[in-house]
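In the part that follows, the structures are each spelled out as structure tokens.
Across the two complexes that follow, subunit A remains constant while its partner is subunit B and subsequently subunit C.
Take a look at the complex of A and B:
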């Protein structure tokens, strides 16, 4: 009986040990399943079609072309491979400028007939109309727009999830925004992080270290929304004034805040790495007449370079996934960044800002899950990188 | 010549020292700034009443209650599971691939960004299991988020106990379960509690995972069941700072909320630190 209890307790404990693995499995399944749904969506809005005149030679349009046509940025069919004629754009609510309301009938019963006529009689028209009004005898040509392809997502240069008729889900501006802000943050954080790590590991007295170390750990405990708020009321106005900008919400503000947030990670890992340097190595250097400074910069730092690499990679990992602080200070415009003084938008900030408004199960919702998948893959990649670096480190020390 | 070298070294060391104090200064800058701006807002009324006049006056009582609910809920999820899997990893599991696998997975779980937890919680708890935006969904999401912290602290505090304790107990005829229950856990208890306290600090400050699983924009009514939505301190701060109807008028409220939040979080971290430094020397004797 007692043995039985012992055994079952062990099984219960083992089951709870499995929960983290189960959670990761569930995260992967749910993220990928919802995210992959994006590629089952049509390029144009659900239940709508694009139609042109039968004589129009254009057969296919990319999502960008559709958006630019309806934004009147492309105005001539020649720009998209057609005849040299002006494009006239037609949306359903333009119908009254073509036919009178009486002609449509009291219950709109003649609407589809008139739509068909309009497309037939205007050779240069492109019409964005609901599928329910396209009947068998429709005289226009319905364009085959196809489904959203992975290349539309991964190579797309524009993120415009609410554009009509063709929303654009281009990953590039968001991905580049995320990397841009994160790398800049690490550039700011690394010199400070290394300085603190060297100071704590090699120079500070035991008592100073006992005071400073917990303070730096507290820095890691501050919630990101507080960093965001502090950034919003202190850093953003400061940047706006210093660089004389119209708005202070920029990539720079995001990087500065992220640098502070990534610093505790960098300091802890780098300090641990510096502490693993064998005493004999240090003393050999000192015995050869090298000064303490020479020992630190020429012996200790080169020795633990892979540990410092790990610190940098982990710092980037922390910065890439950070949501609230970045959301609050970077201005959130989805453009491919070129300087630090422009607003940018990162992947996590996009998810946080848009998921609330995206209808459940729609293309936008699925695109945001796809962004989650990307974020998950980035952190997975970073975890693997860390494993490789630390495996190398152990090998080197043996 | 030697003098110059020494001077250069002294200068470099001073630069390192100053950079260190600058980094440390950031914490005091943030804390001091929030104290100065938020202190005037803090009052008994601020803590015990609901927001009024489109959140430009009144207090943050519903948000405090909401955060309390989420902390309790997520700890009910994370603490038992985390402690049990910590015990399994350190006391039962042989050093095979299972342990390695579980450990790698736990590490990976702790490196997943919190917004991904938010997405996951929304997809699984809110939509698939049909809990809706509720304390239940939010607590489960937050619980999974802090699970690695509890597991890691439990495992470390068990690892710190020398095997002589276990061997002594087993030699007296106690079973493994009895040894864990009567000998190992009582010694490890204070350190296991630091995991709980750190998780409470983390949960009270997390915003991204609750955005789509539980948090309400404005809800003066207190929750009555685990299927209710609640306000929460960090989300309330975000709302006050970025999306209120009159941002300038809401600023004092935002400072007050930020101060309350940072005090709770820092207090939790400090308590955990004190427990850890008090108990860390015990086994050496």
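Take a look at the complex of A and C:
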């Protein structure tokens, strides 16, 4: 009987292990499948096309060129490899300035005819029109814009998912925003975290430690929205005033909040690492006439450097994936950051903010899944890094 | 004139009375062995001489320890300076996670010596004095952890010698080593006696008999007998010493 129970417990444990691994695998497969769908989407919005005059030599436009043309930032065909002529932009609701409403017919039955005529008679036009009005006898040239390519995504410098006619799904501003905020956060958190860890492990009396330790652990348990509130009320206004900025919601605000959030992780791991230093090694240093500070900086820290590295990497991992607090204080504009005093937008914040409004199954939706894939890859990379570091640590201790 | 002189030393770990009224005079350039069953307070007493027990919370000492005439527990004494005068070698080899060279140079560096030539010269000299130079001279940049246990312990001795202490405290320095390494350490102690005063804790009777001039037998926190080594091993005055040496207990 006892044997039987033991056997079944073993089976259950094995099964739960298998189920966990399977779930993770499923999540990954699902993410990748959805995300890869992005590259099956046309560059322009679904069921729409771009048409130009037959005489126009331009054959192809990149998503960014399309956006800039319709934003009137590109105004001459020469800028996109055409003739030196001004571009005139045409959207469907511009139709009334070309033909009267009567001419379109009561049920718009003449619309496609007129569209065809307009494109045919205006040599420098570019028209963004629904596919249903492009008939066989259409006299313009429909541009072959192709599908969204991986390079549009991975090397794209703009994230503009609702732009018409061509949404932009450029990863770079979000990726760089994420890394920028996370690394700045670690830069702030590391010196403080390390100082606290050293203090706790080497200097604090048992009493101080008994008070400090639970406070730090509590810090790790606070929900991130609360940190977000703290950031909004305290950090953001402070940054705005100190640097005399129009808005205080900046990368800096995000990093400061993330630094505070990553601190407990860094402190705990680093303190554990410092505690692994054998008493005998410390005593050897002191016995040679070294002071306590010399012992800390010349012997203890070098001894546990890989443990501290692990703390840093774990801290980064915490920062990279953090969503809520960052969403609340970074200003969320998807521009490639150059200083800490600009608003930025991170990958998790983008997913959280936009998933609700992106139509299910559309390009935008799939692009957000692609972002999920990227986030997953970053965290995977970080985990592997931690594995490597701790493997090295174990080897060193032997 | 004794170099170490302790007067009526009592020591407590919290409520535990670990050393009871120990008085002892140690002459310069001698080797003194501390023997006695484990837990009798040998290490505790040894570690009082370079104030290593300061690191342990809730301890208390009464009595006096004078080194070269100065009370080392006086408020004006700087502990780090004391420790440059009184070096220590521990039970298990405990090199730093640094190169062989840097292990020996460490004591010089933390004591403010920056002169490169002087450091290089002292490292070599210390390694020679610790009878390790020939084995490591081609791999000074290698990690100290690549050495064998016996080599590591001699490295720790070299490290302690580099800052030129007057006294060398050794707490069972060979207990973790194989017989060959042990005999190398013993030979070393013999030559080091010319320049240093050595106090060595050992649980190995033969070792105490071989290397020391004076032997102190401790039992339950008390100094039972302290005399010339010859005397202790041939004609101990106290029965407990006799029993311990002949292996009837301990």
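We take it that the second predicted complex is superposed on the first by the 386 of 398 C-alpha atoms of A that agree within 3 Å, B and C clash if a C-alpha of one lies under 4 Å from a C-alpha of the other, contacts with A are read in each partner's own complex, and residues count from 1 in each chain.
Keep in mind that, in the parts below, a contact is a pair of C-beta atoms (placed from the backbone, for glycine too) under 8 Å apart; a residue touches a chain by one contact, two chains touch by 3 or more.
As the structure is a computational prediction, the values presented were derived from the model and not from experiment.
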First (subunit B), second (subunit C), both or neither touched by A:291: both
Touching partner for A:303 - first (subunit B), second (subunit C), both, neither: second
First (subunit B), second (subunit C), both or neither touched by A:278: second
Subunit B versus subunit C as contact partner of A:5, first or second or both or neither: first
Touched partner set for A:168, first subunit B, second subunit C, both or neither: neither
Partner chain(s) touched by A:269 [first = subunit B, second = subunit C, both, neither]: neither
Comparison of subunit B and subunit C by subunit A residues contacted: B
Shared contact residues on subunit A - subunit B and subunit C: 291
Touch list for subunit A against partner subunit B, complex: 2, 5-6, 9-10, 12-14, 16-21, 23-24, 26-27, 30-31, 34, 191-192, 195-196, 198-200, 203-204, 212, 214-219, 221-230, 232-234, 260, 263, 267, 291-293, 317, 320-324, 328, 348, 351-352, 355-356, 360, 368-369, 372, 375-376, 379-380, 382-383, 387
Subunit A residues within the subunit C interface of the complex: 206, 278, 280-281, 283-291, 294, 298-299, 302-303, 396
Interfacial residue positions of subunit C with respect to subunit A in the complex: 50, 52, 55, 57, 80-81, 83-84, 87-88, 90, 92, 94-98, 106-107, 109-111, 156, 159-160, 163
Subunit B residues within the subunit A interface of the complex: 5-6, 8-9, 12-13, 15-17, 19-20, 22-24, 26-27, 30, 33-34, 80-82, 84-85, 87-89, 92-93, 101-102, 104-109, 111-120, 122-124, 127-128, 144, 147-148, 151, 175-177, 198, 201-202, 204-208, 211-212, 234-235, 237-238, 241-242, 251, 254, 258, 261-262, 265-266, 268-270, 273
